[in-house]
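Accompanying notes for the structure given below.
As written, the chains take the letters A, B and C, and residue 1 is the first residue of each chain.
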Amino acid sequence: MRSIKLLRVFICLAILFSVCGLIYASDKEEEVTLVFWWWGETELQGLTGWLDDTIAIFEEEHPNVTVEATLLDTLSVFSDFPTASAAGEPPDLQFAWNGIYVMEWAWLGYVEPLDEWIPKNELKHMIATPLSNFKGKQYRAGWYLFGHGWLYNKSLYQKAGVPESLTPPKTWDEWLEVCQILKDAGITPISLGTQDQLVGDWLISLFLIQQLDSIRDPIKLCVGELRWDDPRYYEYWVRIKELWDKGYINDDVSSLELYQAQDLFTKGDAAMTIAVGTIIPAMEKALGRENIGVMKTPTFGVGKLAEKDISYTQGVIISPGSKHKDLAAEFIRLMHREDRYNALWDDLGAIPADDRFNPNKIDDPLIRETWNWVENSTIYVGDTIPWAILGEAAYVGCQELFAGMKSPRELGEKAQRLAEQWREQNPDMLQNYFDWLEGLSD
Amino acid sequence: MQNTKLLNYNYGNFFKYLLIILASLVCIYPLFWLITVSLKTQAQYLASKFSLPWPLYFQNFISAVDNEKFFLWFMNSGILTVGSVALCTIISLLAAYAIVFMSFRGKQIIMNSIISLMAVPIVVMIVPLYILFVRIHLMSTYPGVILIYSAVCIPFSIYLLTSFFKSLPGELLEAAIIDGCSNLKVLSKVIIPLSGPPVLTLIIVNALWVWNDLLIALVFLPRTDMRTLMVGLTVFKSKFNLDVPLTMAGLLIVSLPMIIIYIIFQRYFIRGLISGALKG
Amino acid sequence: MILRTKKFTPYIYLFPAILILGLIYGYSLVRVFDFSTRRIRGITGVFIGLDNYKFVISDPVFRKAVLNNINLFVLIPILVFLAIIISYLLFEQLRGWKVYRGVIFMPYILPIPVVGVIFGYMFTLHGVVNSFLKLVKLDFLAIDWLGSPKFALWTLMIIILWKELGFGIILFLARLMSLEKEIFESAEIDGAGWWGKLFYVTIPQMRTIIEFFAIITVINMLSWVFAYSYTVTLGGPGDATMVMELFIFNKLGRSQLPMPGIASAASVFLFSGTAVLIFFLFRIRKEIGQEET
């Protein structure tokens, strides 16, 4: 008896609540929440503050909109979006790396082409590189970008007696010479760390590119038009191994993580390290602006792209599942408004991915130099290789190389095997890669 | 004759002590090292990795705690631990009560299934649950993860409680029934007050498990502000790891709640782990 | 003592447990088979038969993972042996044995990620362990513990051993304490030495608990080493410390294009492996139950 009474009370309450809910909902129809899943604080410290400012401005200009920015970490920023999209609950805006990281999602229908939402004459300024385009549509807008190369310690160079003409080295032989001089002086020439595997992505992107004739080549390697086990395409491992075998890389490369290895450079224990441009301000603070220099990977390659520089562009995409694509596009346009892109530089020392930004504002000579790389840059190879291949071939591969588990040739064969396996496991993706390839020109 | 035996005896004893002390040293040294490093500055640490810290430097602990995220993660770990353990304890008490004191069909099957769940690898469940949670929007929520943690803790808890209930004298129950108590009353007024030690044991063992878990939190709480301490520690390790003493101070703080509970409740702790194994 | 209840009352009490176990365990154990036959994109995908199983079996990384899991079994005799010796020493109640017991059990309390990070630092090439070895002039032992594929798995085993030994000791100690004192006394009268007593009296008496511990450890080595591998080495260098759990995790979570189908197929393999062990576990439990009564 009592329980039936209780049940009645419950039902009444439930009806009451839902009625209230309906009234509330109809009253506040205008209220909109834009959800933005993002990443980037890890490589660009202070980005959170910039984003908060941008959101504040946006909310002021659109009083009915709340922007909910959720910072994801490196682990989940890429695995959660596709699943959420498939479940029909994607964020409105999502941070995205370049190349396959946009394209595979786009092919699955998780990314909205931006052309319909952002005026053409604005979109063309939002640098996203050709790797964000598919069948004539642009799927991603740039956010910020940076050069990718090497840092060297000028005072260590001097201490070891590296001649002025070799500062910094430009060809492979020069590099070896510099390393030998440093080594003879008891200085670790190069610091790298493979324990967390991340450096594999940087190595393949900075080295393999020199053996390529076209930005289409890495995709061809994966779809089977070129072969990974062709000596030309594992030559980059041979070069890296040469540095290692000659003792030019810190002996604990296998037991250090990326940032730990970088720290050897920061502390002045190593003369060179691989780095992204966003770290330069911190390095200048640690070692003194006059003590460090930036250099590109010395040239060894025979490919037409051997002389090219590497840069990276981070960006943002809109989900087709978003109910407010117009507002999401508005938000991207705000990110690219003059005051906002200038704030990226003024507040963080980061280069905005917008070609209306005046590079003369870059007063830091080192970052200025990396800006020149950006202008002369080509693709980032890591963005053109499906993860199933890249993760094993480059991330794990760099460990196998330094730990002596596989020779360069074996790594080439492994990548070839992985490419074949990938094609077999993802037949539904393969045609898209061919189509993508079709649209890419050098 | 007597003398040599005595000598042998002492000789043997010497080795026994040597062995046990050596084992203790090996077990405690990493923890000791953790503490010493956390009391050093980065410079002191780099100068010597295993010297004693002097002068003592407490700033690391302050810096570690003075971090918005750290506090957030601490809260998350706390909420998940308390929530899961509470839910699991209540559900297990009800179920164990029914299994031991009531008769119904399929009892043996239910009991056996529950026990065999204890050996199911948790990783086997993450793919289906991941997809399910995305579909029903339970990713990065407390209820979703509490559900998983409780489910994982329930089999062991039911198992432990049933073996304890079986050892309770039947007369107590009879008296209560004669007094006209309802079933729920018997549980709350008679059984539970008697179950202090095993329930405490359960709470401690499960709390240890939930607090220390990495895999589930890693998969089902992807949002940075929903991370637990263990995941935050692992994912963000490389960001902070340049300052080793700071990292170590963080590690120490993270482990502290369980170490304290262990020291206070050592008896229950050990008993719980053993009874899980011994009573059948 | 059985309460008299209405027919459905017991089920009401059991309902929450069954609901939650059904949802978490039941649902996922059924769905994992379904998912393993599909090429999942997002939340579902096309049926592709046994292809995922084929991919898993032909994947050298998975084969290496299985091998590594099996290699971890090396730990079992070591764990059992050390646990017996140390629990027996504690059982003799040497002066201060309770302190030793507390200390030796401490590693078991620490979270694996914490342990992983600490040992990660200690075992780097220029870390504490090697600095110490060089200090005592044992330079030849100062190897690249975690960076070398030859040693990485062994180093991982050392860490697991350090962490898990306490559990075995406590377990065995409890069993020893439940034994009748007379057994030892009569053995002593018969003139059995320390080792004699250990081998001919103690170990036979502890047979079932040793078997139990061994099976628990087998299950753990197959399905509960993720946190070690993930926090200490990420499965590296190369695939030297890859384990099945990490393989499954990577296929699900470490990509912008997750492969849940392949992860599910690998999960089914792992599940089948442990299912066999559950049978043994039941048998041992029964034996222990009989011994107790």
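Methods note: a residue touches a chain if its C-beta (ideal position, glycine included) is under 8 Å from a C-beta of that chain, and two chains touch if they have at least 3 such contacts.
Worth saying up front: this structure is predicted, and the values here are computed from it rather than measured.
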Please identify the chain with the largest separation between its CA centroid and the CA centroid of chain B. A
Highest contact count belongs to the pair B-C
Measuring centre to centre with CA averages, how many angstrom lie between chain A and chain B? 39
Please work out the Cα centroid separation of chain B and chain C, and write it as a whole number of Å. 15
Just the number, please: Cα centre separation of chain A and chain C in whole Å. 38
The positions of chain C in contact with two or more other chains are 43, 127, 252-253
For chain A, jot down the residues that touch at least 2 other chains. 75-76, 79, 83, 86-87, 196
Chain B, residues touching no fewer than two other chains: 130-131, 134-135, 218
Which residues of chain C touch chain B once you look at their complex with the stated criterion? 1-3, 5, 7, 9-11, 13-14, 16-18, 20-21, 23-25, 27-29, 31-32, 35, 40, 43, 85-86, 89-90, 92, 94, 97, 99-100, 102-107, 109-119, 121-122, 127-128, 131-132, 162, 165-167, 170-171, 174-175, 178, 194, 209, 212-213, 216, 219, 222-224, 226-227, 230-231, 244-245, 248-249, 252-253, 260, 263-264, 267-268, 270-271, 274, 277-278, 281-282, 285-286, 288-289, 292
Hey, which residues of chain A end up touching chain B in the complex? 42, 70-76, 79-80, 83-84, 86-87, 89, 196, 257-260, 263, 266
Inside the complex, what are the residues of chain B that reach chain A? 130-131, 134-135, 137, 139, 218, 222-225, 227, 235-236, 238-239, 241-242
Contacts from chain C onto chain A in the complex sit at residues 39, 41-44, 51, 55, 58-59, 61, 123-127, 144-149, 233-240, 250, 252-259, 262
Okay, in this complex, where on chain B does chain C touch? 12-13, 16-17, 19-21, 23-24, 26-28, 30-31, 33-34, 49-50, 90-92, 94-95, 97-99, 101-104, 110, 112, 114-117, 119-132, 134-135, 147-148, 150-152, 154-155, 158, 170, 173-174, 177, 183, 186, 208, 211-212, 214-215, 218-219, 230-231, 233-234, 237, 244, 247-248, 251, 254-255, 258-259, 262-263, 266, 269-270, 273-274, 277-280
